[in-house]
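Structure first, then comments.
Chain IDs A, B, C and D follow the sequence of writing; residue 1 opens each chain.
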Amino acid sequence: MSNLPKIALEEHFIAPTDVRDGSTEMDPLRQASSIGVDGRFFAAVLDQLVDVGWERIARMGHAGIDVAILSLTSPGVQALRDPAEAVSIAGAVNDFLADVVAKFPDRFAGFATLPLQDPEAAAAELERCVNRLGFKGAMINGYTNRADDGASYLDEPQYLEFWDSVNDLGVPIYLHPRAPLADQQRIYQDHPQLVGAVWGFGVETATHALRLVFSGLFDRLPRLTVILGHLGEMLPYFSWRIQNCFEHNPFGGKLDRTITEYLSGNFYLTTSGAFHDQALLCAALTVGVDRLLFATDYPYESMEQAARWLEQASISENDRRKIAHGNARQLLGIKTSR
Amino acid sequence: MSNLPKIALEEHFIAPTDVRDGSTEMDPLRQASSIGVDGRFFAAVLDQLVDVGWERIARMGHAGIDVAILSLTSPGVQALRDPAEAVSIAGAVNDFLADVVAKFPDRFAGFATLPLQDPEAAAAELERCVNRLGFKGAMINGYTNRADDGASYLDEPQYLEFWDSVNDLGVPIYLHPRAPLADQQRIYQDHPQLVGAVWGFGVETATHALRLVFSGLFDRLPRLTVILGHLGEMLPYFSWRIQNCFEHNPFGGKLDRTITEYLSGNFYLTTSGAFHDQALLCAALTVGVDRLLFATDYPYESMEQAARWLEQASISENDRRKIAHGNARQLLGIKTSR
Amino acid sequence: MSNLPKIALEEHFIAPTDVRDGSTEMDPLRQASSIGVDGRFFAAVLDQLVDVGWERIARMGHAGIDVAILSLTSPGVQALRDPAEAVSIAGAVNDFLADVVAKFPDRFAGFATLPLQDPEAAAAELERCVNRLGFKGAMINGYTNRADDGASYLDEPQYLEFWDSVNDLGVPIYLHPRAPLADQQRIYQDHPQLVGAVWGFGVETATHALRLVFSGLFDRLPRLTVILGHLGEMLPYFSWRIQNCFEHNPFGGKLDRTITEYLSGNFYLTTSGAFHDQALLCAALTVGVDRLLFATDYPYESMEQAARWLEQASISENDRRKIAHGNARQLLGIKTSR
Amino acid sequence: MSNLPKIALEEHFIAPTDVRDGSTEMDPLRQASSIGVDGRFFAAVLDQLVDVGWERIARMGHAGIDVAILSLTSPGVQALRDPAEAVSIAGAVNDFLADVVAKFPDRFAGFATLPLQDPEAAAAELERCVNRLGFKGAMINGYTNRADDGASYLDEPQYLEFWDSVNDLGVPIYLHPRAPLADQQRIYQDHPQLVGAVWGFGVETATHALRLVFSGLFDRLPRLTVILGHLGEMLPYFSWRIQNCFEHNPFGGKLDRTITEYLSGNFYLTTSGAFHDQALLCAALTVGVDRLLFATDYPYESMEQAARWLEQASISENDRRKIAHGNARQLLGIKTSR
């Protein structure tokens, strides 16, 4: 185990069938096949998603990861069309996760699964997860499907009170990728590799995050915190241009601060699946190292590769410690035993 | 005039109505309003798009731009549904541009407008523009509309021979943004500011470029050159992740080289509308300074801001000269008088 | 005044003759001429060194500098050969500075002048300056001259107890340049421009700092804090090589930590006279932004240039604020009114 | 062997005793002990210095180094006091090196050893080495000792014609470190580790290079090329400050260009012994990647460490190839078989 303590924030599991109630809409395999994931790769991933015990702990040890904040794998309950089902499954998943964490309280922590199909229930469930189950926040996998075949983005008016609750609880929401809407994949036609993690996930999630910003959410709730994976899903690279073009063409819109100010004031960015010095440097110089957090995106990515990369990335030791554990300790109130 | 000679590659004009034949589909105003461009901003832009004479030359002088490669503003003929009309207008626009260049041969050069609705005609027109009119390549504004309401991306099979012609001519194609397809803008609903230059343009164009790469185009024609604006439309930042995820999930696809190798071997990236040291640094460290070119995106952006930024960006003087004019001289065979 | 509050740490003054007792050894003009400073330049500097009132405050306002930590200009009392004289003048200078600070308590703070010729007296004077006069630490201008024509570096054994006192007081020592010893300037022969700020100052001070490190001072007193100007006088750039070569050839020496760990754990680096993004980036990536502090080196450098540079340096806003005032607030317990 | 071809420029050997004539002044062991080199380390180094055959070739193969430009280890003939002896030994060393290169013409090339004690003879020997022996330039180990116990720096007037010859031949001079003059080591007293590669070498060599610049040598011979090792011996980091302070205090001096312009126009910097991304980044952003060359400083450093570092440094593949071999091919006219 390296001597760099690490807290990892995008570490996925899958709830056992009896917990998730046989529903297939939220089956990651379904999203996986719909976006062209290689079957053999996904089978291995599935094995590792199921494991929330000693094997995962062993891998964490090998990678020098002290604490993993676990979250249900994408698309999770966001994929369900029936609100009642979403509420019920989210509760079951969170209970399951609470049990998992209880078994390894020093090594695991939890991000709640939220049934955004029913905003009020989602707020209540978050409150329960944080105050009663000790979770550190929640992970939301992008837009939420609706019974009418539509989808809801988190900046829509029905979520205003949900965000108020989040704000009151003072916990972060991790906005995690899912595939673009099925009828919005024309540009990926004949290129299934591009829909998911390769590219489409990033575009979908970055755009969703921009919706939040441009909706004025962070002007209304200036202390709200959203976490983005994959070094901010390209937003740091384009932040200057976004701001510049918005100033040219506000189209009547108005924001209190600049895009970069939102990015470095309301967002944290994790390293999940983006183990690239050049992008890290761009992110650090855009939002500052204090807003970067370690994450692996296990089991879609390798814990060990993630860890080895951070341990030797071309940054200062002080910054390495902040990214590895310092910022997470402060943000989430997590302790590590070393 | 600064003493840094500059060749600018994304410098737009609009053809006068008598040239473009009264068609409104290609009217940039139409795209502009459809994507929420501020009317007052666009009126000023239009005045400057029309000007291909002394006023533009004067602005170039003020910004220390020696040569501007002019190109018809987006979406150009790509927006037309009727192939015959596209062919006819493209020819007229190119003739008009040839006249403009002939008046200021030391200060202007041209990128052809191509009627991709008719791939064979597009190849012929490119050949005419390069060999007879002396143009330096072509600018294509993303996908091309079709009479059947569909759209064609440049990696589709009907363009294989077109690309062969491009390859034979040895000139670069500038892949320029246009707005996402009208029925693919669900994610921008209620956020018109996001559709265009702020964000959607970049996503659309980067995805289009990835289609080219993943289609195997550059494996078939390894010396083909495509130019992207806006510091590569986010691709440098995500190149590592694209490659990494594609290796996890190739979905049967196979490429001869890595994404970064295509980016730094088949693409050039311009600075148009992305005057940001942090992104420049990321791009330079990802594709190398030899693949970066100066551009302003005038009149959507300010020539002077673009120039002043490059003159003081935190890079070496040698690299500054390469970006400002050295690489363009080599790529396009352009001379500057200083 | 810009809206970036700034605390500046290397801001020099000269004590009036009646305070410094007519001694000429510590006359900066003497060092200045000995190292080839241009007379006209120095005359202007002298006027500004003398000013510790409204004119300086006005310049600070123009540059957006809220608080300046004032320090006697180099070589200060370090140049005196007579210990008693050094003790007496240091006391008078510090009293003078205390008066200056008292007049503008919101805008000025002080770094003590210390008579290192008498280590015990230096410790006592530091204690008086910190506890009674409210100074924030001390500035020492390199080696100290001796009555026997020799010179003393701060890692020599006679300073062990002095450093204990510094450590007990918990204040930082700013190790500031002075010219290399007169009989050690052979390599500068015929190149007077190189002896001082251009180059020799940096070499002298960096080497002095390395003496401190290699003497084991920071192993004995791990919480001791030394400040270096000029972005660390080249040490960040060479830190890897220093460590690497020392590991090859320790010559019996042994250190508890790596050079970079000392640099980022026991040192703070200021921006004085080094307004260069490329060096800032190297420093930030080597020691981390938390160890960087704003300083101008006024009046040898321009407050305004220093300020304008930091305001637009290619770093994140969060990091800009840390360098400008955040880190200094934390290190020195200084407040700014905005 | 990695698939990154490499040409290495600071690769040292020691001439056998019968060639170097029993002289001990140039014995690297003498410099080594005088500056505190660990005996065991030096014994291993000596074995590797002697080897100019298959073992070295094997190590080069392991590190993926195609061509090594060999040079006599420091201080070489620069340490001799007797000009006639220097001339005679330099000739013998160069003949020896020519034989070595002749045995492995695809893997070795040579930098001449020059008897600067006799400038005219040095020029003649360089001419012989380049035109008859096929050497690629020369390596000079800093100042040259003199019979009168003094030392000569290369900017002194007696070398003007020597530099004219260098300029006419169009080959580069590699300015390599040696220890500071014996009577100029006061600041290193009690800190023997600091005198040599850890620090003193860099200071000595950087200062020597600045003497060349400030002497106006490159104004007189604007196409002259000097190579510095160790990523430019700190000069890139301080180049802005050097220029800035020189403008404040020119002391009557005048230069045609800025320091950075000399650094990026008349110097090449090698990576020898400085395998540090942060410094590489600073150097690249200051002088441009086209002025950087690969070197290892073998056997004082490890070929393999040097190679592995460059292969994974956080730069673009295009730039990696330039540093590894592209720039050297162009500068020295060297070919590699892959």
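Things worth noting here:
Quick note on the criterion: a contact is a pair of C-beta atoms (placed from the backbone, for glycine too) under 8 Å apart; a residue touches a chain by one contact, two chains touch by 3 or more.
No experiment lies behind these values; they were computed from the predicted model shown.
Farthest from subunit B, judged by the mean position of CA atoms in each chain, is C. Taking B-C and A-B together, the chain pair joined by more C-beta contacts is A-B. Centre to centre, using the average C-alpha position, subunit A and subunit C are separated by 45 Å.
Centre-to-centre separation of subunit A and subunit B, using mean CA positions: 34 Å. With centres taken as mean Cα positions, subunit C sits 51 Å from subunit B.
The set of subunit D residues touching two or more other chains comprises 277-278, 281, 285-286, 314.
Residues 260-261, 264, 281, 284-291, 314-319, 322 of subunit B are the ones that touch subunit D when the two sit in their complex. Subunit C makes touch with subunit D in their complex at residues 36-38, 41, 151, 153, 180-181, 183-184, 186-188, 191-194, 196-199, 202-204, 206-208, 210-211, 214-215, 230-231, 234, 236-242, 244-246, 248-253, 273-279, 281-282, 285-286, 300-301. Interface residues of subunit C, counted against subunit B in their complex, comprise 277-278, 281, 314.
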